[in-house]
Amino acid sequence: MRVGVVTFPGSLDDADARRAVSLAGGEPVALWHADADLHGVDAVVLPGGFSYGDYLRCGAIARFAPVMSEVLAAAEGGLPVLGICNGFQVLCESHLLPGALIRNDHRKFNCVDQELVVENTATPWTSAYSSGQHIVVPLKNGEGGYVADEDTLDRLEGEGRVVARYVGENPNGSYRSIAGIANERGNVVGLMPHPEHAVEELTGPTTDGLGFFVSVLEAAVSA
Amino acid sequence: MARVVVDVMLKPEILDPQGKAVAQALPRLGFDGIAAVRQGKRFELELDGDVTEERLTQIRHAAETLLSNPVIEDYTVHVEHA
Amino acid sequence: MTETVKAAEATPDVEQPYRELGLKDDEYARIREILGRRPTSCELAMYSVMWSEHCSYKSSKVHLRQFGEKSPQTDAMLVGIGENAGVVDVGQGWAVTFKVESHNHPSYVEPYQGAATGVGGIVRDIMSMGARPVAVMDPLRFGPADAEDTRRVLPGVVAGVGGYGNCLGLPNVGGEVVFDPSYAGNPLVNALCVGVMRHEQIKLAHASGTGNLVVLFGAATGGDGIGGVSVLASETFEDSGPAKRPSVQVGDPFMEKVLIECCLELFDADLVVGIQDLGGAGLSCATSELASNGDGGMRVWLDRVPLRDASLRPEEILMSESQERMCAVVEPAKLDAFLAICEKWDVLATVVGEVDGTGRLTVEWHGETVVDVPPRTVAHEGPVYERPYARPSWQDALQADEPSRLPRPATGDELRATLLDLVGSPNLCDKGWVTDQYDRYVLGNTVLAQPEDAGVIRVDDETGLGVAVATDGNGRYAKLDPYAGAQLALSEAYRNVAVTGARPLAVTDCLNFGSPEDPAVMWQFAEATRGLADACLELGVPVTGGNVSFYNQTGETPIHPTPVVGVLGVVEDVRRRVPMGFTTPGEVVLLLGETREELGGSEWAHHVHGHLGGLPPRVDLAAEKALAALMAAATGLVSAAHDVSDGGLGQALTEMVLRRGVGVAVALDDVADDPFVALFAESVARVVVAVPADRVAELDDLAATHGVPVVRLGTTGGAALAVAGLFDVPLDELRAAHQGTLPALFG
Amino acid sequence: MARVVVDVMLKPEILDPQGKAVAQALPRLGFDGIAAVRQGKRFELELDGDVTEERLTQIRHAAETLLSNPVIEDYTVHVEHA
């Protein structure tokens, strides 16, 4: 089972994502932004970081990278794609996911151990969790406020496409405390918090994040 | 050399934490009578050669696809000096 | 017109504006003597910036020598003082480099960019050793927490440290936030970076091998940070010269992140002979140091330097401090491979010179020679001052003003109120408002980070080899006694590293002082360096590098002398690291070390009485050594350990119970006769540990063998900090007091 | 209600990483002939009541102290609709 992890200029958590894939029992494959080729991977992770410095808008420039046209096409075809933090922002800028992420309402970057509730376990990235399960993983970003218009939000809720929600005080002003969402088909998931930083007792607050990477391996096997 | 300016502002219905912070800071520094503040981005594009209708169309397209995100932002394009 | 060497020879008597450039008459005379003629305007630019205090260390050199002379015998040191950063052997073929530097003045003028470029600069120093940067730390000092200007400076500095470091993908694993009126108008923004490499990957800033090429890569060169020299760039020295150049720089962390990855790929492909970062004094420094350290000479084609601002004159290009630039020496045969990797990362790279056999540094501008100098005279043989120093007249009165005269809390209620007041004071309160703005997770190797005593980073996934780093410094102690103050900074950082289970190995230091032209300040500096060198020798940890920052003062008033000391230690297996917080109820809590009535310069005297006087706690390096040895032997036995420092035992227990929400019940009778002394004295060489009840005897034996006194304090558990016969504080109340302060001040 | 706009741009001699990023992205997306891009901030201040000379002075002062740092930035103030 091969999981591709894209490196854009300015990607930061790509090595962490690859390590998480290995710990889950998969084979990580490094993908390069300028290389319009997915090298036959079974799933793709767009990792966290500051692609192109996020100077314009988070993910705004990365979206146009050659590899993204391949990711878009494959995603339409059902390939499991997980965008974490900056990756989530790239997916929104690419219109693979609705809405957008804006500056945290408190205007500060914040790095905290965040409690989440996993609401949708039907996606290839969340099947290892039980619906309603509470997990704690790091949240670290300056522009993590999820926004979308009311209709979009209602549709996301109605179709059960809110994958994860913040528990307790809203950490960044995200509408309806949304931490992660999926596309209609469910194969494309965007997540603000960082499961790849919660995969080892030694370095993470918990190992709750491993489930995302275990899930996609199972999905690929059953697929 | 000609300059075209693209202003990008968050849509009114989208919360603007930075503008809000400025609005709150102003009175503390003794500036009153300011009802609201919005903070956006200003892009100054220097063109070599002069501004043609066709290039403006190009720039509007860039404003729409790259410089702004239509989901949350509005933009305006104007020529500052041709 | 830019003067050629010929022109300078032809016109020996031309008046030159060396004074405006900060050169003294005798320094200018010496330049003429070295060259046997008057310098060209480019040469004058080069010498003036390279002979400045900042680049030449002319006032501090004679004192810093002690770090080498008194350096303890150790085979751990692979690269010592003098290079961009020191390198130590941490075993298994791994080497670690680390260094702390200051960016104080820019951070006051433009807090965000000043702090950001401070981080950028130290990271490039670490890269220039051939290492991958793996973590940063930021020791910070500000004026009073409630001062209006602190509200401007602190949030900007913190956002800048975070904005740059987070964007580089470097975990921030520690630092300091200290408030004191002496830093109002002169905040201290120090930044530390740690890098890791294999022994064989170590690189040096040497331009060797005649025919090798000098490649400038990274950002284009602009008019950043060259204010002074504009007088040279003007056509004639009379007119005012071009538009004032900015003295503050804007950082481009994305450029630097790409530069890091690019450099690492260049190192892995073994494509560089020598490498040097561009920081203070820009190309003047990089070229002269590379050439001076090399075995030949160097010729530079200055007109090939890619510019951001085409109007720059050669004098300005030579001293531009534009950020995010590196300079490499490359074999001609490897140039194409080198450029290909730069291309892959979209990094601008240009051949700007070559190593030649002349032994001289020559710079050409459109075919004309504008610089022709012996490189050592620019880079390493600058002026050296024996600045006069004298113990200030007020020192005796200050030391005589004992805190013993201050009214103290006595009853349980008074002690309780004092504890809550202190744990919420700006210097002792929780620093989460600051540290939550820093990414501590990125790279996935952070084993311990703030608020733990030291940052611990995993170096090797397989073996669990890791390093621990902590920084400390106490300006109040140093004001009372600079010699002891520097030693106390070292012993606290040493202890902070040791309590995690690491073996302290090496030292870096950032010496923040007032004006060296003030004999009192110079005395403080002489005392502090002497103290630090002596203590390093006794503790067996060499100084591997650091930085001096002078002229930290507002008007005539200098800051407290503030030596900031960073200690690096090795952790053989990070899985055995010891955290600071109580984890398990029912464990026995012990205090290691001796508590004396030591309150001079204490947080209690400072916060409650605004008092600074008497003597700082007595330095006890032998006790620190024994304690460190004990802690190393006790990993696997102690389940929590936290050093006792600012704020005393009360503060240490507070931090230990709040970390994981596990309370404690203690009795103070065996700590000191006066419970006030037991709670708030700041005696050194002390650590609080928790041990499973059935293993206390083991610890007692260990302590006995290491000659470390042990006092039984009590037992973990419950939802309060309970002090027998005196008071109880519920954890919620304690947490509210400890965590509420900075959010209330800074939003 | 009147609107006063404050534009804040980095001084020309100061590096502008944001503008640089945009300038490099544009050609990659097929937008050519753009020599340089600078990115700055646009503040829209809504005043209740109308714009008086005295309030403009106030706003200029705010632009200088709060909205910009004169060390690295220039600002311009103009009334958009009174």
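Each chain carries a letter (A, B, C and D) given by its place in the written order, and its residues are counted from 1.
Everything that follows uses one rule, which is that a contact is a pair of C-beta atoms (placed from the backbone, for glycine too) under 8 Å apart; a residue touches a chain by one contact, two chains touch by 3 or more.
What you see is a predicted model, and the numbers here were worked out from it, not measured in a lab.
Student: Return the chain pair with more inter-chain C-beta contacts, choosing between C-D and A-C.
Tutor: Comparing C-D with A-C, the pair joined by more C-beta contacts is A-C.
Student: Would you kindly tell me how far, in whole Å, the mean C-alpha position of subunit D lies from that of subunit A?
Tutor: Inter-chain centre distance comes to 34 Å.
Student: Please report how many Å separate the Cα centroid of subunit B from that of subunit C, as a whole number.
Tutor: 40
Student: For subunit B, what residues touch not just one other chain but two or more?
Tutor: 66-67
Student: When you check subunit A against every other chain, which residues touch at least two of them?
Tutor: Touching at least two other chains: 52-53, 55-56, 61, 64, 106.
Student: Where in subunit C do residues touch two or more other chains at once?
Tutor: Residues 252-255, 346 of subunit C each touch two or more of the other chains.
Student: Where do chains touch, given as pairs?
Tutor: Listed by label, chains in contact pair as A-B, A-C, A-D, B-D, C-D.
Student: Write out the stretch or stretches of subunit B touching subunit D in their complex.
Tutor: Residues of subunit B touching subunit D: 1, 7-9, 19, 22, 25-26, 29, 31, 33-49, 55, 58-59, 61-62, 65-67.
Student: For the complex, give me every residue of subunit A touching subunit B.
Tutor: Spelled out, the residues of subunit A in touch with subunit B are 56-57, 60-61, 64, 92-93, 98-100, 102-107, 145, 147-149, 173.
Student: For the complex, which residues does subunit A have touching subunit D?
Tutor: 52-53, 55-56, 61, 64
Student: Where on subunit B does subunit A make contact in their complex?
Tutor: Residues in contact with subunit A: 10, 13-15, 17-18, 21, 66-67, 69, 71-72.
Student: Show which residues of subunit C lie in contact with subunit A when the two form their complex.
Tutor: 159, 162-163, 166-169, 252-255, 257-258, 345-346, 436-447, 458, 574-575, 747
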